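Labels run A, B, C and D following the written order; every chain starts at residue 1.
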């Protein structure tokens, strides 16, 4: 079966600006995070796969077909835009039924499918109120529902948690997780929030300056490092001294956590005994963990292309 | 003398370089808005020149339809409305008003440049159009041309103040402005003659008729005495200017 | 005693195995949704007021005429506006109806971003605009034909010998249907083109009504002021009454309505002028939506 | 920089302020003080954060109560904006300006005498020097936000009120942003940042204000707030060589409410008195000769504090 999403030497130029520079990648099924600084070409990539933009070079393939030349290929794709895209005067159930019809579902199926989808995204009786009265969280759910009502194979989510408060964000991330697992719909999630990616994505694909700079399983980017972090609420200096007595050199600035490099196995016991000896109340003792955002810290100066990353 | 001149010059220089004046000019001179406004201003000139060109003169009953009904009742208010309601209306709708309000600048010094730009962008255009029509129609009679020029100028100054205030009070200012011009001044003033004392159209026409009443004799049926009209227009202009400043001070800015 | 039965059904997410109709289903959906939007159906009360009011404004004259026809009997029927003259008066409410309602179909989709959801569906932007145009055209046909049919039937029933009246005037029916279609074609395309020009419905409506009013004033001012054949040609400036020229030609009668001033202009020119005033806005509309992006 | 109030007397004072629109009460009798340093303003959607900020920056008038900034009223007092910089929550900008022209426009409205120099300084501070001559319309959201920040601080204000400054910025921009704000706060400025992204505020803010449906639910250092939530026991995960024996030892402590061993063999301890637990864990491990590998608090993050308060 052809790859779900495939970019073959794909490039896109807007006059002198190079948004995508002949990139090659394939997106497997499951949930993939699409990361990259502003204006790096993320939105362009999504629009090329949706067939809304014509590639300057190479091909953007969805299950082997090119949506730009074959609009019907879009019937198996879903898109949740970042910007507002909902009518305010009609109810969610009417809007969703209409969107299902426009996606090619016959009237009866459209109605039942819309009702089911609204239930799955967690909209119950509010679905019969007009969308203009919905909260931001409920609107994000309707935006997601219209992307999956026609049972697509792959759904593109552009900043799905933008503007949501912590509660709403948590619920949206669970929903995205369920889409990838229970619903069996693969997703490409474009976002700026590392937390979102670490919690929902299996794979990540990083685009910077029009090129793919990283691709691989999320786990690969967030393993634990060798450095040991110790945080205590009090008597920090006494702890440092106790550690030194036991031949362990701890460094750390001001009142931040203490860092101990390449700790040997019995070093743990030394730390434990130092803690008891110094009487320092232990808040945290844990290895450091690489963070996804380190990708951005490391990868050189920021390059702001002229491209606005919005529509 | 020198001091006053210097103070005058620095005030003028300050005025020209005033940032609010600068952005208002940029905002209101959008291509689409300007083409509509210029087209509207040109219509009476085209009609008059075609009629005079073909017939060699204007029919006896000309001042009332061209100046009374078309110019003063429709074109002048629509042109001023298109810009004046947008003076603050655009800022409100685009949510950029906060950039002005959150600055150590008195509200008066925010409203003054906005008002000046509106008058400067509509006044000359309409006055020139009116003067050309007068000169073409009444074979270059200077007195009629002046009458039309002064009348239009007063109309622009007064309408600008009212519509600028409307633009700040409601986002549907254009709708209310149309309502005011076509219902209050158009329809009602036909029946309730008393309205003439409270309608900008009446002030404009009365000032024209006051200055020259031979060629513009037909304008008398809507006119009141010149001094009353002039004072009325002055009061209305100052009143709505003050209301705009007061509104800007007291409103919740989005 | 058999064991009590219990079963848990999987109401979880089910993949969709049903039929997937292509672009025609989508166009049909857009058409139906367009008509419902125009009439404010499914949108709460306030959205229904304007369309309702304007619809009534068109029906009432026809109903009044019918009542008059039935009361005053045969003699009075001649001074009633016949089918040929009905559109002289009906054009004003129809144009206002279209100017205010038509932009609603295009501006709201753009302003609230729903357009970008359509463009990611398996349809092209031309499917979208054709669907919307057809929606309003069909609605305009209804708005234009129904009062005429009512009037025709009413007058028919009112006349002493219904059969005889029908036999003599059966050819009126295709004529007023054709004239009505010409009017609907005109009043659909112009406002929709205006809606492609600006994002705000109120501005689009003001634009159409503005152009129509000013064209009426300028056209008449010039043709009265100058008169003669030159005046007749200048009357063409009053684009609002162009469909009436077609109406007069279809009923080949000397018109006494607003189209009268342009009577001396040759038929071919008047038809050409009508076609231009439909084709140009249609082309502008089509081009504007061809390259619109999500 | 003018001299600062050394002992951190409150820069901003909000005194029993309420704001309602018809019968919708957006801010309900809130009193608070904000001192120099970075204060994070948090709360779920619709909690009244923006409404409160709009009243503190003078854009809208409270329905009840008073607000003073640097001792002065903020309404009908344009002079205050010489010392106050504001970045509102909407992201509208004048499309016809280039980045630099927009900051210059601000600078001239602030009546600065050395405009070019001050504008350069602000643009460099937000690291937008190379994009400054491009039109704002072409900017990405993150770039626009940074230019808007430059425009709101070009006059070197003592107080800065920033509503969702981080929205639309990517990770790298956010890191630079936080470093910049930390720098600004060092010279005694008072900076209020409202945001939804808790991970960012956690590292950035010295203290937080938490609003829930119009009321002030908590204020101060979030860990101190956590300690006050005594009806919520602390959860600590302990990774060690012999989890069962460690669990047995821990259960013996009176302060321990409950102990479980999870699937990965971690000992999850709940206790209302966390300071006792912090000393007991190493001691018990030492007595029982168990190797202590990992101790992690599971709910002392800002997110948990936020969650507990919102659910309360």
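The definition used in the following text is that contacts are C-beta pairs under 8 Å (C-beta built on N, C-alpha and C of every residue); 3 or more make two chains touch, one makes a residue touch a chain.
Being a predicted model, the structure only gives us computed values, none of them experimental.
Novice: With contacts defined as at the top, give the pair, A-C or B-D, that has more of them.
Specialist: Most contacts of the two pairs: A-C.
Novice: Relative to chain A, which chain's C-alpha centre is the most remote?
Specialist: Relative to chain A, the chain whose C-alpha centre sits farthest away is B.
Novice: Distance from the CA centroid of chain B to that of chain D, rounded to the nearest Å?
Specialist: Once rounded, the distance between the two centres reads 50 Å.
Novice: So what's the Cα centroid distance for chain C and chain D, whole Å?
Specialist: Inter-chain centre distance comes to 56 Å.
Novice: Please list each pair of chains that are touching.
Specialist: A-C, A-D, B-C, B-D
Novice: Please output the residues of chain A touching chain D within their complex, sorted ascending.
Specialist: 36-39, 135-137, 162-169, 192-195, 232-233, 265, 268-269, 271-273, 275-276, 279, 281-287, 292-293, 296-297, 302, 304, 306-310
Novice: What residues of chain D sit close enough to touch chain A in their complex?
Specialist: Per the touch definition, chain D meets chain A at residues 43-47, 127, 130-131, 134, 137-143, 167-175, 196-199, 275, 278-279, 281-283, 285-286, 291-297, 300, 303, 306-307, 310.
Novice: In the complex formed with chain B, which residues of chain D make contact?
Specialist: It is residues 54, 57-61, 76, 78-82, 84, 86, 88, 90, 92-94, 96, 105-106, 108-111, 151 of chain D that touch chain B.
Novice: Where on chain B does chain D make contact in their complex?
Specialist: Within the complex, chain B touches chain D at residues 17, 19-20, 22-23, 26-27, 94-96, 98-107, 249-250, 252-254.
Novice: Applying the document's contact rule, which stretches of chain B touch chain C when the two form their complex?
Specialist: 32, 40, 43, 47, 50-51, 54-55, 59, 65, 70, 78, 172, 174-175, 178
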